[in-house]
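Heads up, there are several structures right after this.
Look at the two complexes coming up: chain A is in both, with chain B in one and chain C in the other.
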Partner chain A sequence: MNLFLQQLLNGVIIGSTYAVIAIGFALVFTVLRVINFAHPDIFMVGMFGGLLCATYVTSNFLVVAIASALSAGFVGLALERAVLRPLRGRDTLMTLIATLGVGIMLENGVAALISPDVVAFPAVISRQPIDLGAVSISRPQMVNLLVSLGSLAIVSYYVRLTAYGRATRAVAERPDVAAAFGVNVDRVSQVAVVLASMLAGCAALSVGLLYGNAWAFIGLAYGIKGFICILVAGNRYFEGVILVALALGILEALITGYLSSTYRDAIAFLLLIAVLYVRPNGLFGSYTA
Partner chain B sequence: MFGQWESLVIFTLLNVMLTVGVYVTAMSGQLSLATAAIAGLGGYAAAILTRNFGWPFVPAVLAGAVVGGCVGALIAAVTLRMRDFVLKLTTLAFGEMIAVVAFNIDYIGGANSFTGIPAYTSFWSCLIAVGIATYLAWRFDGSRQGFAARAVRDDVVAAAAAGISVLRVRVVTFALGAAICGAAGALQAHYMLIVSPQELGFFASLNFIIFLLFGGMYVLWGAMLGATVLTILPELMRFTTAYRAVLLGLIITVVVLFRPQGLIARVPTGVPRFFSRGKRATRPRSQ
Partner chain C sequence: MTPLLSVSDIHVAYKAVPALSGVSIELFEGEILVILGANGAGKTTIIKSIVGLTDIQRGGISLRMNGSSHDLRKLKTHEIHRLGVTWVPEGRQLWGTMTVMDNLRMGGFAADPAETVQRIEEMMDWFPRLRERQHQLAGSLSGGEQQMVALARALIARPKLVLMDELSLGLAPLVVAEVFQLVKKVNALGVSVLLVEQNARQALRIATRAYLLEVGCVVESGLAAELATKRSVQDIFLGGHS
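So, the complex of A and B:
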């Protein structure tokens, strides 16, 4: 029973990180109709932004988190301005390849400038575990969970309750009609990309703290999982994406805990194909690309 | 025969062949992100036959093509109902799944890769294979099925209304493209002498998509040019070892930004009429 609860908790923690990345994909996809393949690498940039700040400036957690968010957000801003905006309305494939090119640049740029190997992440917060009776949770895990849940709350608040959020949903439905009603589509897209990037930056920081290391090529592992989540869920409801991400994290943790980790990823992908075969637009509804 | 350049020449030929396979698949609008996995399956099949059963080279390559073709037909049938975007991602998931499964089968070496493959592939066998693949793709391009495939790519509903069997077109294009990829994978296996599951994943497959889009995905010669340029270019940029990949990413991004139709968008002028029989659909419907 304890093993079950512990794996459930681990699953929720991993799943919440997947959720933040998946939400980033979903946010950009709904607004711009493109899969932003640079997103996992923006995540990575956030991780290194935090690392540099923690190494050279200060190890105050809040400052490091802001550095992470700002570095990732800045890259997101540049990406939107230089690549996504000029390509809007073109074949989605072109955007896909262009963002991929940016991703390759970011990955290898960081690898060339800092290190192509796994580097240690400074311990900004203590690793002392907290005992919760049946299960225990380490401080980095707690931070990871809080950061992810906070990010998801911010996205939900932004999309559901702010004027920009309403505009975002309008653009998601029909960009042309939204523009006719006075929505500044460029601005809305920009805010969406930057918001997604900043949240990914924070999530990356918490992942770096959790595992105690950073790597220039880490984006792929998390990117693919985030990707699967948005595919399985469909992009109609952000809450659906979050739900699927948490479920995927829990499923992975349970499979690792009770069976073996060898076929874990294969099962996830098989599940994806099965879901898409039965519901070609995702579990909760449509991607209209 | 090319001295130190021989491996580069052979890799270029193999990449051209794989990109031709991807081009054929993409003709009906199915952009496969499982190229590396399909090629890997062809490679595994051929390598098992030559190493463990003592088959000669040519039948083994053909067997690789058959395996690739069957897998391609299967994927096409499963993804029939899926739209553009989801289809790409399903092929992606398929490729990743193959990679994970290959990691865990001991018979084919698992994570240690399949080794001990006899070295059969030479420059000439690659050249002949590329020639056959290009000829097949070129003939298919101008055939009735080729036109039907482009009709399906441009508008599935209209194509179906005009009496084209979407299922048949998609299965045929995917199977033919995948068969070419499978044969190329078999050749690659007998040149590298190793097939490893690390090479089957999404990022390996993505290379071929980049080749295709870079060169131009609506013309066969564009696809071949893209593969050639992007295979040789990184070698020419060896002088900047550390920033090579960064430059490559930059070049890809810039080409997409300023020439989104790819380097070649139609059959270039000056090429003999022989190469451009009939009217071609060179651009997709604007979106």
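So, the complex of A and C:
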């Protein structure tokens, strides 16, 4: 029973990180109708932004988190202005290849400037575990969970309760009508890309703290999982994406706990294939490109 | 008298297919102008061109607002809305996954938030059914109710000019009569209306002036009452009798 509860908790923690990445993909797709394949590498930039701040400036957690968010957000802003906006209205394949190219540039740029190898992350927070009775949680795990849940809460608040969030949903469903009611579609898209990037940056910091290291090529592993989540859930409802991400995290943790981590990734892909076979638009429906 | 809206010799094509070939129309402040035409005549393209949603190849569109003239071809769609132009699109085009209330709030996206709240209340007085349905998803409403939301949404921001595209499409005859009465009510408040319609009989009854469009060209224009008696209009749109 203890193993089950422990793996359940571990699953929620990793699933919540997948959820933040998946929501980033979904947020950008809903307004721009493109898959931003640079998103996982923006996540990685956030991780290194935090690492550099913790190494050379301060190890104060809040400052490091802000550095992670700002570095990822800045790259997101540059991507929107230099790539996504000029390519709006063009073939989606062009944007897809362009974002993929930016992602590769970011990976190799960080590898060349900092290191192509795994780099140790400074100890910004203590690694002491917190005993919760049947289960225990380390402080980095707790931070990871809180950062992810906080990020999801911010996205939910933004999308559901702010005027810009409403405009984001309006652009997602009918961009022309939204523009005809005064919505600056470029501005809404820019806010969506920057918000998705900043939250990915925070999530990356918490992953870096959790595993105690950073790697220029880490984006791919998390990006694929986040991408699977939006394919399985569909991109229409953010709540659906979060639910699938948590379910995927829990499934992976249970497989790791009861079988072997060898099967973990295979099962994620099997889940994707099975769902797309039955529901090609995802479990909760999709906006199409 | 200077027109509020002036469309001058515009040419629009979708890829290689011409949709408008040298269309010119004028709309004066306070009037209901109707554009009649069959499917594919280019009526919706005129409206989309006014709000900046087509690629105009030639010609110009200007709007006279607050004493100055604005070249709409130089403005983006959201900027045109901010001049006081709103749109009731063909098929309503509500945000179906959003609630009725959120659709109405979006109508006032560019307006002062406090005034939007007040305007939503006014619109709910106009359309009491919307008050009952305010928390319901707009996509789940009946056609008539959706048309009420589309009209209310267009009126939230106190527009000077409302572009209405095929208001009667897909509505029951009783609802159609009600909708046209609403257009008159909107106009009586000083809002100019450009109405694009296939329901010529009803549209000509409420319109000040009318244009008749055929395959992307204006073929007739004049006072609505006069146009209603013209044989060409009667033959095409009024079943051969007025």
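Following the convention adopted for this analysis, the second predicted complex is superposed on the first by the 289 of 289 C-alpha atoms of A that agree within 3 Å, B and C clash if a C-alpha of one lies under 4 Å from a C-alpha of the other, contacts with A are read in each partner's own complex, and residues count from 1 in each chain.
Simple rule for what comes next: contacts are C-beta pairs under 8 Å (C-beta built on N, C-alpha and C of every residue); 3 or more make two chains touch, one makes a residue touch a chain.
In this text the structure is predicted, and so the values were computed from the model without any measurement.
Engineer: Taking chain A as the common reference, can chain B and chain C both be placed on it without clashing, or not? Answer clash or fit.
Structural biologist: Verdict on chain A: chain B and chain C fit.
Engineer: Is A:123 in contact with chain B, with chain C, with both, or with neither (first, second, both, neither)?
Structural biologist: Neither: A:123 stays clear of chain B and chain C.
Engineer: Take the Cα centre of chain A as the vertex and report the angle out to the centres of chain B and chain C, nearest 10 degrees.
Structural biologist: 90
Engineer: Please name the chain, chain B or chain C, that touches the greater number of residues in chain A.
Structural biologist: B
Engineer: Regarding the shared-chain residue A:91, is it in contact with chain B (first), chain C (second), both, or neither?
Structural biologist: After superposing on A, A:91 lies in contact with chain B but is clear of chain C.
Engineer: In the superposed arrangement, does A:5 touch chain B (first), chain C (second), both or neither?
Structural biologist: Touch partners of A:5: none, neither chain B nor chain C.
Engineer: Counting only touches as set out at the top, which of chain B and chain C does A:259 meet: first, second, both, neither?
Structural biologist: Touch status of A:259: no partner.
Engineer: Would you sort A:178 into first (chain B), second (chain C), both or neither based on which partner it touches?
Structural biologist: second
Engineer: Does the superposition put A:132 against chain B (first), chain C (second), both, or neither?
Structural biologist: neither
Engineer: Taking the superposition on A as described, I'd like to know which of chain B and chain C A:224 touches: first, second, both or neither.
Structural biologist: In the superposed model, A:224 contacts chain B only, not chain C.
Engineer: On the combined arrangement from the superposition, state the nearest Cα-Cα distance between chain B and chain C in Å.
Structural biologist: Value for chain B versus chain C, nearest C-alpha atoms: 8 Å.
Engineer: Quick check on the complex: what are the chain A residues that touch chain B?
Structural biologist: 35, 83, 86-87, 89-94, 97-98, 100-109, 111-112, 220, 224, 227-228, 231, 262-263, 265-266, 269-270, 272-273, 276-277, 280-282, 287, 289
Engineer: Touching chain C in the complex: which residues of chain A?
Structural biologist: 163, 166-167, 169-170, 173-174, 176-185, 236
Engineer: Using the touch rule from the top, collect the residues of chain B that touch chain A in their complex.
Structural biologist: 31, 78, 81-86, 89-90, 93-94, 96-97, 100-101, 103-104, 202-203, 206, 209-210, 213-214, 217, 242-246, 248-253, 256-257, 260, 284, 287
Engineer: Tell me, which parts of chain C touch chain A in their complex?
Structural biologist: Per the stated touch rule, the residues are 51-53, 76-78, 80-82, 86-87, 89, 93, 95-98, 102, 105-107, 109-111, 113, 153, 157.
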